[in-house]
Structures are given as structure tokens and as C-alpha cells.
Amino acid sequence: MNSPFILINFKTYREGTGYGADRIARAASAVMEDTGVTIGIAPPYTDLRKMARHFSIPIFAQHIDGVGAGGFTGHTPAYMMKLEGATGSLINHSERRLTLADIEASLTAAEAEGLTSIICTNNIRTTAAAAALGPDYVAIEPPELIGSGISVAQADPEIIAGSVKAALKQNNQVKVLAGAGIQSGDCVRISLDLGCSGVLLASSVVKAEDPEAVLLDLVSKI
Amino acid sequence: MNSPFILINFKTYREGTGYGADRIARAASAVMEDTGVTIGIAPPYTDLRKMARHFSIPIFAQHIDGVGAGGFTGHTPAYMMKLEGATGSLINHSERRLTLADIEASLTAAEAEGLTSIICTNNIRTTAAAAALGPDYVAIEPPELIGSGISVAQADPEIIAGSVKAALKQNNQVKVLAGAGIQSGDCVRISLDLGCSGVLLASSVVKAEDPEAVLLDLVSKI
Amino acid sequence: MNSPFILINFKTYREGTGYGADRIARAASAVMEDTGVTIGIAPPYTDLRKMARHFSIPIFAQHIDGVGAGGFTGHTPAYMMKLEGATGSLINHSERRLTLADIEASLTAAEAEGLTSIICTNNIRTTAAAAALGPDYVAIEPPELIGSGISVAQADPEIIAGSVKAALKQNNQVKVLAGAGIQSGDCVRISLDLGCSGVLLASSVVKAEDPEAVLLDLVSKI
Amino acid sequence: MNSPFILINFKTYREGTGYGADRIARAASAVMEDTGVTIGIAPPYTDLRKMARHFSIPIFAQHIDGVGAGGFTGHTPAYMMKLEGATGSLINHSERRLTLADIEASLTAAEAEGLTSIICTNNIRTTAAAAALGPDYVAIEPPELIGSGISVAQADPEIIAGSVKAALKQNNQVKVLAGAGIQSGDCVRISLDLGCSGVLLASSVVKAEDPEAVLLDLVSKI
């Protein structure tokens, strides 16, 4: 994944389940094929298997637990997400915050299963800490902008630039994604210019009338 | 479900995923057909759909979140479990404890989706509280006996009898399941004699070499 | 405490620490003496001892952990709050939610120390569950009204009446307090008329320029 | 605090409250004066003020919340611990784990109040992450050894050496403490030799018949 990476989080939106999930995955797959930009999806746990069978794009779990097989009722261990066909996982999304100890356990479990890891963070300092853990990606998402319709790239470029700088200072291998309010090719362009390797977004694609059109716009200025 | 109810929790045991899940569900289905005793399963989220398509037995989620569609990354809303084909859900299992407010939200979401609800509890007093919430079932599982190999029915019949009494005092419609260490027809018999409507169990079936044999033993003294 | 009970939660307001705490406690003490209405306070942990030494009014902890002496760094066990001079404790306040198992553990610890217990709840159903646990009081506080300046007594009398009814159905010994936005003698009057034994409030007294005047108004229609 | 630093966590041990707290603080104060080694204490919240008034040694809170004054019932904001006289705080102790976002919020609040910060961690990787946040200290405590009577310095020197190395790689200003099972001068000596700036310990001093004798032994090989 050296080209820019766009990851679409389906959350638990109704538009991201069942046929809706197919529709978005098809759009992602088509745009990835046409443009060469890597576009991944993070569907609900229950759609991972179907997505992994039908689409040759990165498939992420929305959360993994750093536990193994055993007595963990209601959990989603990394090994199980891998069995379903996931190629990676979000860890510590702002809607599923974890203790530092659990973030590390989830990351170690992801590595053991060969899953690409993305640790989500809320500010520059936590981005530095997450980078020090050594994941593949850190995704910086200012909580106050998530789902706000206001793009972090336009409203707070300093937090993106500061996060990239802080992350690389701790770990020069880590890649940074920008998230929160990302909705257009301009947002993507600004994020890349500020040193990011891509973006993490959700509603602007998942709830779009025409997801393919939104994705084409997102990649248009790369 | 007026006959005794046996619910098999697959937890995240490796034996309860993929073909293992099929194997246990097939055994449950066969024993239910042969004996008329209701036998349900609680597979991982990722196997719910397949189980629901292939088996005409009660299918439970291991946990549901009392949230709807929307921005709930990594969660398992009741509506989504229903879409997968679940007919019910565990709530507040000892390996996935919830706040009182969240138990109520999960229960209300279960009701809105027509899911059978089982609230798990740890002692007589919390059983009374759970019963007052008005679920279909309360499952009493002393935490110190879960996975211990020691049956609550034999080691602590008083907690079962006390839980049944406390539950019915609060809510004369609620049914009680006994859990923790349940492994034989004797355990089931004792539980029913103490006023339970069935049992909740996991490893003794999931990890069995011959799940059907274990299930046949479990129903043998009903 | 058979007369109406008014409990003032100091939260972590700056006006409720140090001399501010003294000022409110003095007002509570004076109004209690003048009017015979029982007025208690729930100061921060750090002010419990001083309050208990100087004022002969009910002193509540804002939270207790259902653990004993031992390895519980950063916790506030019931026994320790008792040592400080607390006569009771809030449990499960909306700003400090607990699992059902922990609510029960805190309640049992409160009883073991002879502390008056108040379990806070968020709706009618959780009020029923809390009442079934058998505390001295349940305090119903609709979360959306807490700190809103809108009184539950005026905005949602149905939730108060429904909570009283649900609580008494489960436990005819339990007393109910109304909370959220309580600020005047009218609020108290309505709450008592709806079957409550008192009210739980915070900012309207703690942040008042003249706490004694507010308290005198609160008790004026009892 | 350039000399070695020994911090005694009173947890919620009965021996660490009331007169017991005085007794340990007196021993710490005496040994600090006699030997010049900095010895701090982390008493319960309720004893902070008294300790701070009577003893000229570092006084730590066992936990601080990264919130300010306001609606935070049952919390212990940094500003309030500072008002009580604390000079520092533990953050994320293994008995009081926090999300990464909350660790950062607690640390930032500690800095705003001029409190010395110690973030507790459970392995080498989380030590690296904690160091990247920029606290004054990171305290590495393998959870399986806490309260075990087995000293981390003797049972697992590699985790100490690895933690020091990982911490300094991320942040060359940070100091590392070793914790879990520390009980003798040898433990302290080994920890210092492995690059630590001191130790964090609890029961071996708090539950000692003669705390001063234990402290004298602890500093004997510095």
C-alpha cells in the first residue's frame, strides 16, 4: 500500500449492511481498478466474509480484541476476523476506545495474524504514543469534527501536520491517515500535502446517493 | 419455548467457529428433533447468518448493543443481529459486563427487534434486579464457577433456588436459566427441580469430542 | 429520614471545595435546623472528613467502590468513606456509571458499613431494577435534563410518577428522589406530590450566590 | 528528584489510612532526611491534605482525572488533588487502567497544575508509548508480578532493561521506575543498574511491621 490509501468505515450505518455493503464495495473496487488508488473498506463484522470473498480490496475489521480463542463471549478476537477474511483492523476508534494495555494487546494480536493495523487517535500527543507502539498506520481524528460535516483538512490542518511530525519523530516507518469530515478531493489533496498517506472516512461515502461518484471525486486530485 | 431450554454459548472457542460451529449446530438440531427439548446456540456474530439459514433452532447473539444504525464503529446493534437471523441475544454475560443503563438499552433494543432476551447475572440480588427489568430470561452464573468444571447445580444449589425465588418475586413472568459448570443430565435435572426453565452452558458441549452424545446426556433426565 | 430529604451534590464544582464547601454546608445546616427538613450534602472525597466533623447533617460520598481494603489503587472503598465520616453514598451517578454487578457490590459494601444508599437511575425501567436491589433510595435523573436548567418536575412529571410506581411495585420499602434541574420550591412540591421522598440537586445550590436563600426557597412549599 | 526516587503506593490498604498513613509517612520522612534518597508517598485521596501539611516529602495522588471543575461526580480532577497538596500523581495504575485518550488528558491536566506525572505501564511496548506522551516518569509493572511477592528485578530483569531502552528511544528526558514485587535493597540496586531512576512499591512497606526498617534496607545499596 504505497499509493495513497482511502479507507471507508461502514460503522453501523444501515446503508453499510447487506446490499448496501455490496454497493459500496463494488464502487470501491471499480474506482480502485480504474485509478490505481488503494481503496479499502471496514464493514460490520457480519459482512466481512462476504466482502472478502467477492472483492479484491483491503477488508478491515472495525475493532479487534487482543484475546485469543477461549472464554471471551461477545468479543471479536483478531484470529476470528482473520478467519473471516479481514486483511486489517481499526484499533481504538473514537467510538470504541480502549485502554493503552488493550490497544497494545490488539496490535500484537493483529501482527500475529498478519493483519494491517490502524490505531485511531484524538490529538497530536496520542498520535505520538500510538506511533511509538509500532502499528502500520495511525489515523488522527479530532473527535469534535467526526460526523460534523466539517473537514479536518480544512478546519484544522495544523493538527494533521503536527500529528505527522509527532508520529514520524517517534517512528519513521509509521504512516498517518487523516480522518473526520473528509469528503472531497480537496480534503484528500490537503491531507497528502501535509504528509499523510491517505484518509479514513465514513458517512460521506456510506450515505452517498452515488458512492462511486464521491470516490471518484476523492481520488481526483491525487 | 415452554419446554426446557438449553442454550449453548460458543464463546470465541476455536471449536465453535467455521466447521466446528456447523458440527455443534447439527448436533443441537438433531437432538432437538429427536427429543423435543428446545436447544439453542449462541455462535460468534460472524456465524449467525449461516447458522440461521441452515438450522431451525433458536439462534442467539452473544451480546447486543442498545444502539441503532449510525456512528457506532465496532458495535453490534440489535437491529444488525436481527438482520443476520438471530432470534435472541445474551445481554450482560460475565465476559461482557454492561452498565445498568446499557443493559436496559440492550433489552429495549431486543424487544424492538422481537429478539428473545437473556440477561446474565452473578448472584441472587442482581438476578432480582435483572428480573425487574422484564426480560424473557435471567441466567444466573456464579462467576467463580464459570469454566471451572464444577457445576453450579451441585456446588451451589442454594444460589439457583434463591435466584429463582428472587426473580419470581420481582416478576412472575420471567424464566430463569442456571449456568456455570453445567455438564450432565443430573445438572439439568437439579436445575429444573430448583425451578429453572433450562440451562446455559458452553465448554462442555463446544469442546466435546462428541457434542451430540453430551447433548443426549444433558436431556436424558428431563 | 422520614421528613423530605434534600441532597446537595457538590460534584467537582470549584464552588464546592474548600471554603466553598463550608459555605454550602453551613447554609444546609442552618436551614435544616430552622425548618426541620433534612438536608444532606455530597462533597468531594477530600472534604468528607472536615464536613463530618463540623456539621451534624447527612454526609454522602459521591461514589463508593464495592471493594474492601487491599490492592485497589485510586479507588474509594465503602470502608474508607465510612472512616472519613460519611453517613451514606451515591451509587451509579450518571457521571459515574457502573456495571450491574458493581452496583450490587457497592450497595452490599454500603450496607456492611451502615451507610445510607442512593442508587441513581436514568429511566423508569432502571429505577425498577435498582429498587429490586433493595437500597434505601433510588434517585431518578433523566440524563438529558441533568445540568440543563430544565426541571424534571416541570418538564417530565410522568417519569417521576412512573418511577415511583415502578419502584414501589418492586420494593415497597424503597424511597424515591427526583433529580435533574431541580431549582425551586415548586420543583420540590411537585416531586413530593408525585410520591417522592425528596430531591437530589447540584448546581442550583452549589453555584448560587446565596445558597441559604435557594435552600429556603426549596423547602418553602413542603 | 535527581537522586533515586522511591514511591510508596498506599493503595487502599487499611494499614495505609489514618494513623497507619502517618506512621509510614513518618518513616519515609525520617529515612529521606537521614539518607538523602527521595522517598515519596501515594496515600488515599482522603489523606492527601493531612500528609501534605505534615510532611515535606513528595505526595502523589493515586489517580487523577483529566477533567476540570464541573459536572464530574465521583471524580478526582487534577486541580482538586493539587488543592489538597499533592505534588504529583500516578496515572493508569494497573488497578485503575485508562483509555489512551484519558491517559493523555490526565497527563495534560497534571502539567497544567504543575504535578509530577508517573504513567504506569504493563510491558515494553506500552512503556514506549507512555514515554512518547512525555510524562516525567514511566513506571513499568508486569501485572502478573504485582502483589506476587516475586520481584520484577529478580524474576524479569529483561523487561526492566527493555523498558528503559524503549522509553529512552522515544523520549530521552523520561525517567523509568521499576515496580512489582520490589522489596529489598537488592531489588533497588538491580533496578538502578538496569537504568531505572527508582522504584514504585506498595505492600512490602505498607504492610511491614517496621516500615522504617524496610525503607532503610531499600536504600541500603544505592
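Read from first to last, the chains carry the letters A, B, C and D; within each, the first residue is number 1.
Here is the rule we go by: a contact is a pair of C-beta atoms (placed from the backbone, for glycine too) under 8 Å apart; a residue touches a chain by one contact, two chains touch by 3 or more.
Everything quoted here is computed from the prediction, not taken from an experiment.
S.K.: Using the touch definition from the top, list the chains contacting both chain A and chain D.
M.R.: Both-contact set = empty.
S.K.: What's the chain with its C-alpha centre farthest out from chain B?
M.R.: Centre of mass proxy via C-alpha means gives D as farthest from chain B.
S.K.: Using CA atom averages as chain centres, what separation in Å is found between chain B and chain D?
M.R.: 43
S.K.: Whole-Å distance, chain A centre to chain B centre, using C-alpha means?
M.R.: Here chain A and chain B have centroids separated by 34 Å.
S.K.: On chain B, where are the residues touching two or more other chains?
M.R.: none
S.K.: Under the touch definition given earlier, write down the residues of chain C that touch chain D in their complex.
M.R.: Checking each residue of chain C against chain D gives 9, 11-14, 17-18, 42, 44-46, 48-49, 62-63, 67-77, 79-80, 83-84, 90, 93-96, 146-147, 202-203.
S.K.: Could you please specify the touching residues of chain B with respect to chain C in the complex?
M.R.: Those in contact with chain C are residues 92, 97-101, 103-104, 107-108, 121-123, 125-126, 128-134, 170.
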